[in-house]
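Sending over a structure as structure tokens; questions will come in a sec.
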Amino acid sequence: MTTGRAETFADGVLAIAATLLILNVGSNLPAATHPTHGLGHELVKSWPTFAAYGISFFTIGIIWVNHHALMQQIARVDRTFLFITVFFLMTVSFIPFPTRLIADNLQTGEGRVAALTYGFTLTATAAGFNALWFYAIRKGRLLRSDADPAVVKGITRSYISGPWIYLLATLIALPSPGASLILFAAFNLFWVLESSLFGRARDSTAES
Amino acid sequence: MTTGRAETFADGVLAIAATLLILNVGSNLPAATHPTHGLGHELVKSWPTFAAYGISFFTIGIIWVNHHALMQQIARVDRTFLFITVFFLMTVSFIPFPTRLIADNLQTGEGRVAALTYGFTLTATAAGFNALWFYAIRKGRLLRSDADPAVVKGITRSYISGPWIYLLATLIALPSPGASLILFAAFNLFWVLESSLFGRARDSTAES
Amino acid sequence: MTTGRAETFADGVLAIAATLLILNVGSNLPAATHPTHGLGHELVKSWPTFAAYGISFFTIGIIWVNHHALMQQIARVDRTFLFITVFFLMTVSFIPFPTRLIADNLQTGEGRVAALTYGFTLTATAAGFNALWFYAIRKGRLLRSDADPAVVKGITRSYISGPWIYLLATLIALPSPGASLILFAAFNLFWVLESSLFGRARDSTAES
Amino acid sequence: MTTGRAETFADGVLAIAATLLILNVGSNLPAATHPTHGLGHELVKSWPTFAAYGISFFTIGIIWVNHHALMQQIARVDRTFLFITVFFLMTVSFIPFPTRLIADNLQTGEGRVAALTYGFTLTATAAGFNALWFYAIRKGRLLRSDADPAVVKGITRSYISGPWIYLLATLIALPSPGASLILFAAFNLFWVLESSLFGRARDSTAES
């Protein structure tokens, strides 16, 4: 089996999961605003729904970019790989739920449970991603015959610690839900900067 | 007509139906939690929405994998095949509704009606899938000219009993809704294991 | 410009519009059922939501099959064609709204307004479809150079009366909303049968 | 990396964001209509939800057409380009939220805040689009080797002022929310006419 439909289906689920996030935004706006607390006031007050939208959209976007890079090393898929893909996509398309929990509860006393649910979901996503990768490369099972061993090793090194770092960031929600969320936002920023800036530096070095 | 757009449209509907399932999760969470029954308590209490999400997502994922395998045996489509595809997709994209019924009613006295609705939907899906397959292979109408007769016979054998087994599992909801749902979850697990483990064993045998 | 992305985008909007229809199904179920009117009773009572789901899903499915056939005659697209595509898709993705109106109002005194809104939406869809086709074929602007004039003429003949027939069926809602809806369901059935059965008969004749 | 998956993902997000707009339409219809204010009356009264649907659907459609034109000049993508794509799509898929704000608030005293939110979202979209373009063309980084410098210069000229014009139209909401929205609708109309009519005129000139 070729990789085409696995990419189409994954792109579909990732695009929908990211776009559905907007349905949560503003879900806690009151149906009618009071004269003293106008719409502007309510929008400012619901900043957690905007922050949660931004963090989760970027998280799914980064997953998409990484899935893209992963599939480029793969020549074919088998049924087990497709079922791991289904499991992986099930965790990604779960993200809108804990995102809503955070948006609704960050400012109440329930921020801890919300942040833990969010963190465990992202940890499961990272674990599903690793399962995809390690299944594909074991004994070179699904790898392209011309895959560069240095690139494969580089991807392995950059993914292997992912679930553990995410689990750690999740557990930080026990003492401080806010710190846990800031960590997940920082991971996103780090990924974007690391692969944009340093990735480009590496590319330049490779070319010279 | 080539098979390209039939696959794109099917992938789209399957990806959306699977991803929409998340909208039901937590729909029965109270807007505000009570001090004595916190968010954690409410999340644990709504375990049926999580179980229903997982079972239905995997069911749609398995349908996707099987549709993928079916389309690989097919060289072209005609209008009748496209209309059967529309009917088939109509049953698949119906799945989020009975999934919600189960999540909302499993713990009330109405679990029976919910499980029956779920089961009949999955039975219709299996029947639609068979209609696609038997229409395509009748007189070799839409089959690839190089389709392996052994593979075609194998697919036929593995699908032909599907709707009847699903109907049986549906009717088990009459005495016991819970048993019916556990059966549908077990079918999923069986499919994944059967085609991953035994499928691989078969492949190894075929290669040697 | 090639036709590829116009098809991808259209497939996406059509698949999503069809799959979103399920969100309306059961939206009028009560949050909790009464002991005397159980869930089964409520489901039977909401038959219009199921009928509306089926008719609208098949309508969008038929639009997809027809759009597929239209694009096969076209070699390239220009900006005007893309903007007509956007207008056409805007009418199709509007369908879930009047579908909900019908499901919610068929059994109240407001069935007339709901059926009129539904009919005018489908009439606009048919008009948008014709705009696509007649723009493409005018002076052979976007047609494939090897397009069969007989096929082009056949498509023209089968589409040209569409909006007028739909407008008529819409206006029948003034005296009888139910009759109008039955007509739209009958059009679907007719299309499926006509292009499946007679289409196949024509193909057989053409081959001999 | 080739441009294929960046287009698939963008098409997916754009198609979904456009199709989700329908979920807002009629969200402010009362559950039951009064004998004196029937459904027809309520539909006429909710004209802002229809206007907002139309304007936002066309806005996203125009973004799709422009993204299509942009990607045709590009030969390859890198990680930074993909991350800018994610940011750009995040602003586009935000559009359903301010669209709902406008539909719900245009007739109340809160139209100003709603129109400002809408305008700033579209300004961010235009800025994200420009970021994509200027990143791609800087030092010819991602351009096709055979890209026509005149076409590249033409696209640059037509996009560079976009965010500033949108920002101006946004600020006009301070004195008059309605004027701001009419301006955004007029921009859409202008784009469609400009690139259809004049674009065709230019093409004719180029051919002769």
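In order of appearance the chains are A, B, C and D, and numbering begins at 1 in each one.
Rule of thumb we're sticking to: a contact is a pair of C-beta atoms (placed from the backbone, for glycine too) under 8 Å apart; a residue touches a chain by one contact, two chains touch by 3 or more.
No experiment lies behind these values; they were computed from the predicted model shown.
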Any chain in contact with subunit A as well as subunit B: none
Classification of the subunit B:subunit C interface as same or different, half of numbers criterion: different
Equivalent-chain rotation between subunit D and subunit C, CA atoms, steps of 5 degrees: 90
Subunit A-subunit D separation of Cα centroids, rounded to whole Å: 26
Whole-Å separation of chain centres (CA-atom averages), subunit B against subunit D: 36
Numbers and ranges of subunit A residues touching at least 2 other chains: 8, 12, 16, 20, 23
Touching residues on subunit B, where the partner in the complex is subunit A: 7-8, 11-12, 14-16, 18-23, 25-26, 33, 38-40, 43, 53-54, 57-58, 61-62, 64-65, 68, 72, 192, 195-196, 199-200, 203
Subunit D - residues contacting subunit A, complex: 1, 5, 8-9, 12-13, 16-17, 20, 23, 78-80, 82-83, 86-87, 89-90, 93-94, 96-97, 100-101, 105, 108-110, 113-114, 117
